[in-house]
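Below are structures written as C-alpha cells.
Shared between the two complexes below is chain A, which has chain B as its partner in the first and chain C in the second.
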Partner chain A sequence: MRQHAGALNRTCLVILGILALAGGVLILLMASGTLQAMNPATVAAESPVVTGDLDAVFGPASAKAMVLVAGVAMGALGLLWILAQIPRRNSADRYRLHQDPASGTTLCDASVLGSAVESQINTLPGVVGASALLRGTATEPELAMKVTVNNRADIQDVLHSINTRVIPDLATALETPLRRTGIQLEVSGRNAISGTTVETTGTVVY
Partner chain B sequence: MNATAAAAGSRDLDSRGRTVLDRKVLEKIASQVASEESFAGGSSGGFLGIGAHSDFSARPRVTVELAGNIAVLSVEIGLLYPVPLRQATEQLRRRISERVNALTGVEVRQVDITVTWLKPADEYAGRRRLL
Partner chain C sequence: MSRRDGKATPLRHRPSRAVPSLILGTLLLAAGVALVWAALAVLVTGLWPAFLAGPRDWLTGLTWNDPGVWAIGAAASVVGLVLLAAALIPGRFNALRLMALGDEGPVEVAGPEEIVMTRRAVARYAAAHCENVDGVGSASATASTRAVHLNVATALHETGELRNRVIAKVSTQLASAGLNPVPKITASVRSKE
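What follows is the complex of A and B.
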C-alpha cells in the first residue's frame, strides 16, 4: 500500500558507485605507475600526491567558507535521502471529472471511491477486511488494495471476484481502464464479514 | 388611444405586486430535482452534520449563490456505485439547470457537483438485516 523510494535509491547508488569506481581506478593507476607513464605531469608511484603547501590553499577565509558550504550541501542531500526512505501513501486527492468547467465542476474525493471499493470487497465470501487506495489522476487511475481473508477462504475465488467485479466496476465508475492495480493479500484467523449476513426473503415465525 | 392603453397596462402591472424568490426556494427545488434521479441520494440523520448517514431517499444538499437572475449551484450528492460518474453528473447538471430554469425563471449558469459518497444498490449486503 505504501510506496518506497526504490527508484531514487537506485539512481543515487548508481551515481555513487560510478564515482567510487572512477576513484578506485584512478588510485590503482597512480599506485601502479601507469598514470605517470601515460602522463609524466602526474605524480609518480609511491610519492606524495600533494607536494605544495596546503595551508596556502585552505588558509583564506573564502576557501574555508566554500568547504563549509559544500559540507552543509552534502549533509542536506544526505538528510533528504534519508527522509525519502519514509514510506508514503501518495494517495490521490480529488478527481476532477468534469469536461467543461464553464458549466460546472464535478469533484470526487479519491477516498470516496476507495470506500466504495472497500465495501464491495468486504462483501466477498471469506474476506475479513479490506482497504483500498487510489493514486494517479482521473484519466490514469491506479488502485492499490490490501485484502485480508480468513484461513478458510478460497483465495483464487477472491482474486477472481476482484478481477472480474471490483476492478471493472471502478473502471466503469471512472469511465477509464485502470493504469495499474496492486493486490496485497493477508490471511487472518478472524471470521469473514460476509459470514454474518442473513439474506432471506421469507418470513420468520417464532 | 395607444398611450392610454399603455398607461393602463403599466398601472395593471404595478397593481399585481412583486414576486420575490428566496435563495432557499431555489435550493429546495434544485435539491428535489436532484433527488428525483434514481441514482442520486443525500444524507440523513445525525446532529449538526455529525453522524449523518448516506440515504438514497434523502435530498442532496444544495447551496445557491444568486446574482440577480443568475444562479450558481453547488450540489453535494451521493451516487449509486458503479455508475459512470461523468455521464451521471452531466445528466444531473443538465436536468437541474433545465428544471430550475423552467420552474423559477432563474438562469442557472453553473452547477458544481461534489460526490460525497458512493454506495452499491445492494447496500445491505454484508450486514445483518432486521426482519
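What follows is the complex of A and C.
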C-alpha cells in the first residue's frame, strides 16, 4: 500500500548503467588501440593516460572549489536517492469540503476518514486487522486499504461487505463516488477480531 | 525525489530495485564525502590528503595499454551491464489479482477497483486450506504470480491419491477466493516414515 521509488530507481540505474558501459567500452577501445586505428587523431595505446601535471591542474583555488562543489553535489544526490527508498504513505493532507470559503471553511483530515474506514472493516467477520488511507481530493477521493484476514476467512464475503457497506458509506460521507479504490489482502494465522471460528478438540463417545 | 502528490499507484507492482539503488546511493554519498573532505583539507592546510598520493603516482605512470586500464575498462563495462540488467529486467509482480464475485458475476463498484492478494498471502491461504485436508500432517506453500507449490508431509504411505485431493481442494478454494486467473497448483507429498 505504501509507495516505492520504482520509477526513479529504474531511471537512475539506466542512466548510470549507460554511463558506466559507455565509459568502460571507451577505455577498452583506447587500451586496445582500436580507437586510434579508427581515428588517428585520438591517443595511441602506448601514450600515458595523464598527459599534464596533476599538481598543476589541481593547484588553482578554482579547481579546489570545483572538487568541493562536485563532492557536495554527489553526496547530496546519493543521500536523496537513499532517502527516496523509504516507502511513503503519500496520503492526502486535508480534504476541503466547503464550496464557498466566504461562508466558512470545512476541512477534514484524511486520516480521520481512514480511521473510520479501518474501524468499520475491523468489524467484518474474518478480518484480523486493516489499515486504510485516502489520497486524491475531496471531489476525487481515492481509497487504498490493506486488509489482513484470517487464513480460514471467506475472502469473497469480506470483499462483498467492503464493496456493499464500507465503500458506499465512505462515498456517502464524502458525497461523491470514489474515483479509485484499491484493496490489498494479506493472510494471517491470528484470530479474527469478530466472527472467529474456534478450533476444538475432544473425544467422541459412542 | 519522493512522491508527495497524494495520488494512488497500482497495488500490484514489480520490484522497486531498492537494493542496487541503496548500494549506488551509498557509494555516491561516500564518494561525495571523500571529495568534500579532500577539498576542505586542501583549502585549510594547503596540502592534498596523503591518501591521494598513491593514486596520483599510479595515474602519472599509467599508459593506456596497461593491464590496470584494461581491468578498469572491463570492470566498468560489466558494472554498466549489471546496472542496465537490474533496471530493465522487469521482475515478478508482488501480488495476484482478485475479483469480487457477486451472485451474478463481478460486483460493480463506483470507480475502478483493484483488488490484489500478495504472493505471501496466497501461499499462507493455500497452506492453511491444505492442512484442512484429511491425511495432511503439515503443509507449507510458495506462490509465484502464476503458480502455487505445496509441500505436504503425510503419514500415509500411498501419496498419489492425497496429492490429487490436495490439488483439487486448494484449487477450488483459490478459485472461490476470487483469484483471477487461478494459479496452477502443484504439490510434492512426502511420506513421513
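Convention: the second predicted complex is superposed on the first by the 168 of 206 C-alpha atoms of A that agree within 3 Å, B and C clash if a C-alpha of one lies under 4 Å from a C-alpha of the other, contacts with A are read in each partner's own complex, and residues count from 1 in each chain.
As a convention for this text, a residue touches a chain if its C-beta (ideal position, glycine included) is under 8 Å from a C-beta of that chain, and two chains touch if they have at least 3 such contacts.
Since the structure is predicted, the reported quantities are computational estimates derived from the model, not experimental observations.
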More chain A residues in contact - chain B or chain C: C
Which superposed partner A:E175 touches (first chain B, second chain C, both, neither): first
Contacts of A:L8 with chain B and chain C, given as first, second, both or neither: second
Which of chain B and chain C A:A116 touches, first, second, both or neither: first
Which of chain B and chain C A:Q85 touches, first, second, both or neither: second
Touching partner for A:L97 - first (chain B), second (chain C), both, neither: first
First (chain B), second (chain C), both or neither touched by A:T105: first
Touching both chain C and chain B, counted on chain A across the two superposed complexes: none
Residues of chain C defined as touching chain A within the complex: 1-11, 13-18, 20-22, 24-40, 42-43, 48, 56, 59-66, 69-70, 72-84, 86-88, 95, 98, 100-102, 107, 109-118, 120-122, 124-125, 127-129, 132, 176-178
Touching residues on chain A, where the partner in the complex is chain B: 97-99, 102-109, 112-113, 115-116, 119-120, 122-123, 169-170, 172-175, 193-194, 196-200, 203-204
Complex contact set, residues of chain A against chain C: 1, 3-6, 8-14, 16-28, 30-33, 43-50, 54, 58, 61, 64-65, 67-68, 70-86, 88, 90-93, 135-137, 142, 144, 151-152, 155-156, 159-160, 163-164, 167, 171, 177-189
Residue numbers on chain B that touch chain A, as the complex places them: 73, 81-87, 89-90, 93, 110-120, 122, 125-129, 131
